[in-house]
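Only one structure is covered here, and it is reproduced in the block below.
Should a chain be cited, it is by its letter among A, B, C and D, assigned in written order, with residues numbered from 1 in that chain.
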Amino acid sequence: MTDTTLSTQESIFTSTARDWSSDMTTFKGVPWGKAMMWIFLLSDTFIFTCFLVGYMVMRMTVTEAWPVASEVFALTVWGVSVPLLLIAIMTFILITSSGTMAMAVNMGYQRRKWAVFWLMLATALLGASFVGMQCYEWSKLIIDEGIRPWGYAPDHDLGAPQFGSIFFMVTGFHGLHVSVGVIYLITVAIRVVRGKYDHTNFEIVEITGLYWHFVDLVWVFIFAFFYLW
Amino acid sequence: MRIAYIAVILFLVTLGSVVFNFTTPFHFDAIGSNWELIDITVYITFIVCGVAFVALGLLMAWWVYKFQYQEGKFAEYEPENAKLESQLTIITTIGVVVMLAPGLVAWNDYINPPSDAYELEVYSKQWNWMYRFPGADGIFGAAHNKYVDLDNPFGMKPGDPYGEDDILITDKTVKIPVDRPVKVLLRSQDVLHDFWVPAIRAKMDAVPGMVTYFWFEPIVERVYEVLCAELCGRNHFNMRGEMHVVSMNEYSTWLNDQVTWAGMQAGAVPLSPEAALGRDIANDAGCFACHSTDGTQRDTGPTWLDIWDGTVELDDGTTRVRDEAYIVKSILDPHAEIVLGYTTTMTTSELTDEELQSILDYMKGLKSAPAKQETTDENESENAEPSSEVDSTTIPGEDPSTN
Amino acid sequence: MATEGQQHPIKIYFLIWLLLFVLSFFSYLVDFYHLEGNLRWFLIVVFMLLKAGFIVAIFMHMKWERFALIFGILTPPLALVVLMFLMAIESDYAWSTRVVYMGEDPAPKPESPSHYKKSEEEKGH
Amino acid sequence: MATVEVPYQETVPLHHPKTWIGKYIFSQDHKIIAVQYGITAMAVGLVALILSEFMRLQIAFPEAGFMAFFTADHYYQAITMHGMIMVIYLLTAFLLGAFGNFCVPLMCGARDMVFPFVNMLSYWVYLLSVIILMISYFVPGGPTGAGWTLYPPQTITQGTPGVDWGIATMLISLAVFIVAFTMGGLNYITTILQARTRGLTLMRMPLTVWGIFIATFLGLIAFPALFVSAVMMLLDKFLKTSFFMPAIVSLGSKLEYSGGQPLLFQHLFWFFGHPEVYIVALPAFGVISDLISVHARKNIFGYRMMVWAIVAIGALSLIVWAHHMYVAGMHPSFGFFFATTTLIIAVPTALKVYNWILTLWRANIRITVPMLFALAFVLTFIVGGITGLFLGNVIIDIPLSDTYFVVAHFHMVMGVSPILAIFGGIYHWYPKLTGRMLNDTIGRIHFYFTFIGTYAIYFPMHYLGFIGVPRRYYETGISEFYPVAAHNLNKFITIAALIVGVSQILFIFNLVHSYFKGKKAPANPWGANSLEWCTPETPPRHGNWEDRLPTVHRWAYDFGVPGEEKDHIPQTVPRRKAS
């Protein structure tokens, strides 16, 4: 039997060495699902980073001009072109959803099931509206701006054809993650109020939260690299 | 005690490998370039690795033989031996350094061509080689795949002043002077290719969308076979070229006979509308990937020059008159009759009757001597106007007066 | 399995929430005021990394995880740093061969989006 | 706040399936899933074997009448499918899917994987990916003939067989495989990290589990790069994006691509592809370490060094990828970096070889069939590793890349060696899995044919590379680089390949025959120490252990401990009180 007394005086190196050299579990106090989600997110990080590295290579190798993002993504409101307005709104929505998700996790550990349910539902709704706005953005780019996955519609040539390709691919893949996340959130929310997790400590809410925050995290990078850079 | 056959087998396999190594005729052939450093590095690696292989193999065979199972015997209990392990680490590290150091020195040479190296561009496409010299000014004109068409096989950038005197060789054979370092620039029209002459040791991929390079200095006058070393489609194995390493005089004479880009543009004679249409259709169908139209012999398919005359020997030993029926049959059913010396990788063409007729019109016009006016742009030397640029061409980057 | 869970005062979530809004607003301002060059890139990256750091540390509770987990998750992406760094070097090399040998324009001017032109035309009328 | 940890699996009940389908088809039992993975991988491996025999016949007898049907297209399709099947669908799936599933819970003293349902899903998604791959042969144009590396632009331009549909089925199949692998891999890792039994610290785990652990971890962070490149290539093919496609004139027609970078694909592919080599090699290392130690009746020499070597190889394998691209035209200075990292990786790898051989010293070696395979593995791995030192050194790679030297090297190190490890592992664990012994005589005959045959195929093949015979040539003709002697050598190699191929029938016969007629196996036929031999029943039933999970008191290699009665002490036996 191993005694896993957690001493606060231990340096992080000692504690880490102890954790990694102990029996049964390496990540002390971490449920299976959470460990698995963390490792999955690590794998997903590699997917998104490879996409972003692809974007970097495209951007650095093409000799045709790269369109100016703040002009392409501008939104005309009452006749005034405001750069990146839609993207700003989308960013704020996603951050808000991250906040509600964090609240839900907190409520979960307090075992307040209905609070968890409503907060997760709010998160899912914010996520769904994010996807909706992304659809609107895509349709605007495709119909109004003439940007296509393979380049541009006739007479809309803005330079490098990779602009649309990489943009649609990466935001599409991120949007897919958000959509999956919305379904995941709703499923977990319903199962929580139905009492499926009553015998647990509601770690499932935290695990769902990890995924959701990761999606938000990816958006931080997409926002910086695709819209601002 | 039972004989441990496996110990004997391990011993024999180790020993046999060594014997094979020393008796086999299969080793690097005589080197034809300056890259002895590569051979030396290989030699050092052979020694280091060979010693390790023999030592480990024999040790294993011996110990398997010696420490066979005996009922009731206990093996030595020795979980680890820090001293031995660190010694082995050090020895291995030394071995690795011995192999790596000359390799890195040689690589430093490999990626830094000497300043007196002249440039040769190898332009590859499915499935043959073309070459370009920078001409009198010693500077290549810009070239890009987006400019390529039937009258501009190298994709020379229109209006680039450096390009006019570039010497274009659409034949698969290139001649280079002996004892002169050459920096080979590689471009590709379609897919990855790799210009490789085994005896030269050096090679590099040609990558579309960028320019790669390597350099070498040929030291033996001889004809070398050029191979493609990077899989490039169904005719990859037939993508051969020739590199003649010749004396400086022969090289200069040969180069003077080659056409410049300016000469090629001036010499291009328009075809009749039917024949031009036929040429475009044949081009779209990919015919020119395997068949030349200027008499160049390629391993991929017979040339179309003078195809309308005479007879041909087939691979079943029979002889056939090359009339229209034969040619139509060869286009529509390429596997039916195969010319001696070729393997067919040709796919069955789906052409309408009109398209077929246009191609036949074009092929009919491809005659060598009397019909010189009708030959296409791919015909080099005859159409080359002996301009002053060509005459003054010597080794690029070198003052002609010193020659 | 013994799980204490991640219970933390709600105050800190609100604080981070607010901070994320503020940082996003700042990075938006970088674009709004058309800052250019190194300053722009520096600010974008700083705000991006700060936001990413807060999300991972607070919202994903990594700050409170044991170092065994933090270490396990944060070291492997170092390989990606190598990949990114090398790809940046190589992309620059490939680009330079395109400019030197293929006659590509080293500094092309980006075109304005069409709708931008249209709105300018409307102003002109 | 002192808590005493209890293995979580002990506190939750296990739901046993009631129906036959639940037990054997849609089973969530890790042992059944391992068998399903193994059988599927072997079946698809047989396809790859047959393809390779056709290729060998074509190389040796290009003029022969019976090879007339085999066109260049068929040849290139065969090399592509053979390579991809062997690397991904056989070796990765077998070593991680079959051995991983079987060994990890048993050797960790767990009841099952942490999420058995996801584990089951992993197998069925893997089967789906195999089916999609096999559909390649039935779509118009056949499977892709781009070579297993699938380098663009060639992969998606005319002039390559299977450019219309074969490439799509290949890429989709790969993406599906990655999904399957991720589901399985997350399970293996979480099980190893979080579901070990009492007393089983990481440094007491058998090396098999260590190999599988690091390999799976590598897989989880390397397969994403393949996934990304597959997605980008599918978009290039079907949506005409220009990620990997610059301006191209393909067979006379201008394509509508511009500005892409083909080298990006190669980098992403090898960022996956090199770790993939170790995804296959590390589990094999682990299995071989265990086989040698058990059958030599001696502790593995330098266990800690072996573990750290596995970890170091795993970490380094992520930064050596471009040694596959020395002649690819990448940035010239990369040669220095990648040659150095590659040769550094040789040090831990060499140490593993030394330790295997040092384990034999003053051992008490039982020449069993698994031991035969283990010894053969060490020799073929030495050859493969040493030729790797040639190719890893950038300047030597220049003349040798894309020749038969490369073919011989990677077959030796990544084909023959892991397959010998797989055979050894099957002969070793079959008694535990089925409760019956495999036939010893057939096993020995099978071993000698396989080992000597494959050695005869690949050792001489290196030398064809020295004279410059290029790989992936459908037909060479008589050429400067291809003398008659080389042609005769090729004939010899082909005959050896045919013999090896046919001798595998013995193995399959042995598997099937022994399952019904084999000798009943005792619980611990080899006298091994690790936990899988301590199960209360043989074969272990669903749940593996009794109510209480086993407690581990020692490492898995206590063989020949002085002063003990038996020459092996299982991990569950308590240590004596220190006197």
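Assume contacts are C-beta pairs under 8 Å (C-beta built on N, C-alpha and C of every residue); 3 or more make two chains touch, one makes a residue touch a chain.
Everything numeric here is computed off the predicted structure, so don't read it as measured data.
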item	value
If a chain touches chain B and chain D alike, it appears here	C
Chain nearest the global centroid, as defined over all protein CA atoms shown	D
Chain at maximum distance from chain D, centres defined as averaged CA atoms	C
Whole-Å gap between the CA centroids of chain A and chain D	34
Euclidean distance of C-alpha centroids - chain B vs chain C, Å	44
CA centroid of chain A to CA centroid of chain C, Å	13
Centroid spacing, where centroids are CA-atom means, of chain C and chain D in whole angstrom	38
Shared interface positions of chain D, touching two or more other chains	3, 5, 8, 221, 258-261, 263-264, 271, 333
Multi-chain contact residues (two or more partners), chain C	1-2, 76, 83, 87, 90-91, 94, 98, 102, 104
Numbers and ranges of chain A residues touching at least 2 other chains	20, 25-27, 30, 32, 35, 39, 42, 46, 50, 53, 57, 61-64
Those chain pairs that satisfy the touch definition	A-C, A-D, B-C, B-D, C-D
Chain C residues within the chain A interface of the complex	1-8, 10, 13-14, 16-17, 20-21, 24, 27-28, 30-32, 40-41, 44-45, 47-48, 51-52, 55-56, 58-61, 65-69, 71-73, 76-77, 80, 83-84, 87-88, 90-92, 94-95, 98-99, 102, 104-106, 108-116, 119
List of chain D residues in touch with chain A within their complex	1-5, 7-8, 114-115, 182, 186-187, 189-190, 193-204, 220-225, 227-229, 231-232, 235, 239-243, 256, 258-261, 264, 268, 271, 552
Partner chain D, residues of chain B touching it in the complex	2, 4, 6, 9-10, 13-14, 17, 20-21, 24-29, 37-38, 41-42, 45, 48-49, 52-53, 56-57, 59-60, 63-64, 67-70, 73-81, 84-85, 88-89, 92-93, 96, 99-100, 102-104, 106-108, 110-111, 125-126, 144-146, 148, 155, 186, 189-192, 194, 196, 198-199, 201-210, 212, 224-225, 227-237, 282-289, 299, 343, 345
Touching residues on chain C, where the partner in the complex is chain B	94, 97-98, 100-104
List of chain A residues in touch with chain D within their complex	1-6, 20-27, 30, 32-33, 35-36, 39-40, 42-44, 46-47, 50-51, 53-54, 57-58, 61-64, 149-151, 160-162, 165-166, 169, 173
